[in-house]
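Paired with chain B in one complex and with chain C in the other, chain A is shared by the two complexes that follow.
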Partner chain A sequence: MNKNTNKKASPNLFNLVQRFSVPLMFILICAVCIPLSGLSANMLINEIVTRMGRNAFLILSLLIPIMAGMGLNFGMTLGAMAAEIALIFVSDWQIVGIPGMVLAAFISIPISVLLGIFCGKILNEAKGREMITSYIMSFFINGIYQLVVLYLMGSVIPIKHGSIKLPRGYGIRNTVSLLSMRQKLDNLLAIQVAGVKIPVLTFIIIALLCLFIVWFSKTKLGQDMRAVGQDMEVARDAGINVERTRIISIVMSTVLAGFGMIIYLQNMGNIATYSAHSQIGMFCIAALLVGGASVDRASIGNVFLGVILFHTMFIVAPKAGAAITGDSMIGEYFRVFVSYAVITLALVMYETNKRRAKSAAGQQLQAAQDAEEAAGKEKA
Partner chain B sequence: MKNKRQLLFRVGAILIILAICAVMFVIGRGHTVYFDNKETSYNGQTIEPFYKVTVTVGNQKPSKLSKGDRGMADIMGQKLTMTLEITDKEGDQPHAHKVSMSVPYNMDGIMINIPALMQGLPQDAYMSEFIIETPDTGSTDEEIVTDEFDMGGDM
Partner chain C sequence: MTKDKFKAALKSFGLPRLIIAGFLLLLLIMAPFVGADLPTQISNIINRFSWNGILVLAMVPMVHSGCGLNFGLPLGIISGLLGATLSIEFGFTGPLSFLAAVVIATPFALILGALYGWLLNKIKGGEMMIATYVGFSSVSLMCMMWLILPYHSPNMVWGLSGKGLRTTISLEGYYIGALAKIGQINIGAISIPTGTLLFFALLAFAIWAFLHTKTGTAMTAVGSNPAFARAAGINVDKIRMLSVIMSTWLAAIGILVYEQGFGFIQLYMAPFYMALPAVSAILIGGASVNKATIMNVIVGTILFQGIVTMTPTVMNNMIHMDMSEVIRIIASMGMILFALTRKTEAAK
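Here is the complex of A and B:
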């Protein structure tokens, strides 16, 4: 009996370590890098809290497509692009502060919805290959975004202010200032706790999104998404419109990513017009995976753990790199390398687990067939 | 019947969103207000600047303007409320005034001449549009930087 328990316990522990290998690895990296970086606890906590407020909403937008079995939505950059277009308009119209953010959010909705529907329809044609399809789609839409922002804005789409337009008279500059709404959301209701600035309102909005996700997962549509995520054929047999459900999940993710991008950019105080969105998808997905999520399973807890671990690594890596090698660029390279490595590792682990599960199911089926045959022979 | 109700809800939601957007357009409109304590003339009448004026707008840092100085403040919305602390001549006691006025929606930069304002002259005497000229960088255009495959930045 005792032997049996031990036998059962060791694979469980192994599975647990395997499942949480990425967060564990990051805890180790952070444990080594934090003392080497020489950053004070106060500064480190301040940075982590700031980055949590800045990024959590964006990362939370990834949860719904995972619920619907569509994996990591690299297409969230579409929502980010919609938000950037909305913010460019709002900057040109000189709508500032929180009203500017609200207006940008409303303007981003129709753009995000259209892009989301388009993305969802394409992904329905590429079932089982959603991640790579959404990744390539983000490049495709980025091309259209560049066409709109670089050539149509200022020539076809009216843009008034010279500070936004390129000197040639059309197209948008590399950087658009958001100084008029910089940290307006973060500073409203902000409190200081032991020298750490807590952006209370931003956290309230993030908490509301968490509550929405929890509530949504219990609704009929949320349950449908879960069912579609588990088995599309079974869901279809149960009368669920699989294609529509998948499109809705992508549209919701895209719209939420747009809102998240507005929160992110108000914290930064400027838009890197041609590059901000291309980085955002990768960083958010890497952070979510660092938090222990996988391609087919993610929770709100994974989001927050991921933000803490991933961004701690981001903050301390350059300083630790400088302390170890004398060159802070090593730390910069390290954090980029780790970001890509985490995504690769997660994808490899997902495929391995899927194959292992398939092989286990095959073995079970074989055993059942053998048992049936044996029973048949005995009867004969 | 159900479809009609659904349509009504959708139209209602769109109308509410449009109404909120309209409100945001009005309450969120940003203006930069420039305050001049300079000599000006109106209908042949010359208006002399004050010895010193301190302009306070909301919680922003007060602008202390001597003769010929210009200050600025950013405001949001269509109403400007400022406190003016005016010293007429050197050695005089300053006297405070609270001034409120609506500002034109279409102007990004608004220039207000404080001496003309305090004379009680009409709006066109003390208020004008301030247009910032974008510096001409010649024929050289900004190089556009796109980095689809780069993750080198910070988040």
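Here is the complex of A and C:
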């Protein structure tokens, strides 16, 4: 059946346009907004390169659950929270620079793994509605995160330095400065090309992750994940432990999201303790979808195309909005609206395609049955 | 045998629900000991129940028709907000402006609800996730619209620029307490908003009665077994569309009732997360992803609002730490998670 749909789809230009409608739409938006915004090419490219270094790792962490057929992992926020907790500890211990980041990455791993296992177990209980469940999960863990960071840190969990504690003696301040780590990773090995700063080391790390994902998808476990993503029942019959494979995919995604968050925060230079993670999931998912990914298919190419297009829109929209309407808030709201609209559109397209494929399969089965019946009658 | 029955009842009631009900009971018992003013608390719970009841009621039709929990509640709220702002813009004042707001909000709710219903019919099986994002998109679209639309009423636009609606608009002089003041009863510190409660009762009764009509039964049939319903000659898509329109309209009315109690219209990002408290309230009341009754609405709203009002005061008086926000998030999100992981017929 799979072969058949492929055959039907390949030569059709309309289908191709439909599949890439979101990236095309974005290219159009960017083409209109860039001249209006009045930003110089140099500045724009600089911004895009910075944002690519900042976000690409986070977005790459979404690929593995998609491979395992679990859709867009809104639970990547869990990894982001684990990373924030790790960074709070590291900055309290005053371990600075790259060693601090590496230590934070190591501390984040056990937290991410625990959260990932919990999330994976819950998602296994909610098969067929993984996305909404992982979405609610991110809110639920956010509650636990607030409990830990706002009440337990400083009162139960030892935090020494007053500079990151709230004046009342427990709880963490709204912003924790990461000045000692700020862009340490980006600046190491950074080169300037025609006035554009390229954070080479960050890009090397991102490239390594890409290689890892390519390699991983060819391993036994990666193949198992693909099989589970294709059809859980068939995979189970083939002797794959479906539940375990799904949990592993979520754990990997959560751990990678944690690393990604550390890269993201070292670039920003501070942690917005209670809000840094809340939007991360939404923006990363929107960027991936803008790059032409869908709920069940995403590649590394989608990630990079998505980062470029989405963040170009993000940079130019407020300026362009101000140029058109004289009110910069409209541009701000416009980019938020576009992020949500893109996710909505992608989800709707995925669900309608799924239904169409299902009904096509049903019709095929019906036709085969009819033919069989007809053949049976002829014999009789 | 009675023990088995008890166990079965416990199982159907659900552990998280039991914990939440127990927690509220504990709060109520502890309140006098830690020096919280119980009558004021009870009055608060009743008032908050009257504000939020209809928003929770808006979940019922969609759950019945198998569309799942209505995470797209903000869409209906947007219709209500359009009604509210237009009513003020057109110069209605006093309690009459409430009636005008309801009348103006209705066509918006019907049209948006129909579009929303049409969309949900296209994507059967993925309703809840898409509903969430339909809500988000509509709220962020309206954020732009509140700035652009040509509103002029000086009570609503920014004073300085003379255009663009404010984030919060006071209803003083308009429909503040429009329903609550009808037959309000005051006993000591307890004040009962009779009008609002009666209005809720009226709508709740209407929904209950509707669910017992021929169309209402068809709706339940569609929700519990769409294949069977189709075989029985019911137009599944039409019934689902009807349920979505009803939910959207109830949400529009719900937000207006909320505003008349609260005293302010909140625009821009305010409706963004309004679906989640309503969803968790009905779940706490005993509903599941594909089953909900009016009783679930009433019990759930009382329990949820009870926790929202009681925790800050009791916690503050007891340990001088206001953990209410965190407790509310954990309890309500935990409840939604629990409901989503139950094996139900809805996964089709």
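In this text, the second predicted complex is superposed on the first by the 369 of 380 C-alpha atoms of A that agree within 3 Å, B and C clash if a C-alpha of one lies under 4 Å from a C-alpha of the other, contacts with A are read in each partner's own complex, and residues count from 1 in each chain.
FYI, a residue touches a chain if its C-beta (ideal position, glycine included) is under 8 Å from a C-beta of that chain, and two chains touch if they have at least 3 such contacts.
The structure displayed is predicted, hence computed values, not measured ones.
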| item | value |
| --- | --- |
| Touching partner for A:L150 - first (chain B), second (chain C), both, neither | both |
| Which superposed partner A:Q364 touches (first chain B, second chain C, both, neither) | neither |
| Touching partner for A:Q230 - first (chain B), second (chain C), both, neither | neither |
| First, second, both or neither for A:I343, with chain B first and chain C second | second |
| First (chain B), second (chain C), both or neither touched by A:H311 | first |
| Which of chain B and chain C A:N142 touches, first, second, both or neither | both |
| First (chain B), second (chain C), both or neither touched by A:T133 | second |
| A:I98 touches, of chain B and chain C: first, second, both or neither? | first |
| Where chain A meets both chain C and chain B, residue numbers | 139, 142, 146, 150, 336, 340 |
| In the complex, chain C residues that touch chain A | 71, 119, 122-126, 128-130, 132-134, 136-137, 140-141, 143-144, 147-148, 164, 276, 321, 323, 325-326, 329-330, 333-334, 336-337, 340-341, 347 |
| Residue ranges of chain B in contact with chain A within the complex | 17, 20-21, 23-25, 27-31, 74, 76, 108, 132, 134, 136-137, 140-148, 150-155 |
| Contact set on chain A toward chain B in their complex | 51, 54-55, 93-100, 102-103, 106-107, 109, 139, 142, 146, 150, 161-163, 166-168, 171, 173-174, 180, 272, 274-275, 278-280, 282-283, 311, 314, 332, 336, 339-340 |
| Chain A - residues contacting chain C, complex | 122, 125-129, 131-133, 135-137, 139-140, 142-144, 146-147, 150-151, 325, 327, 329-330, 333-334, 336-337, 340-341, 343-344, 347-348, 350-352, 354-355 |
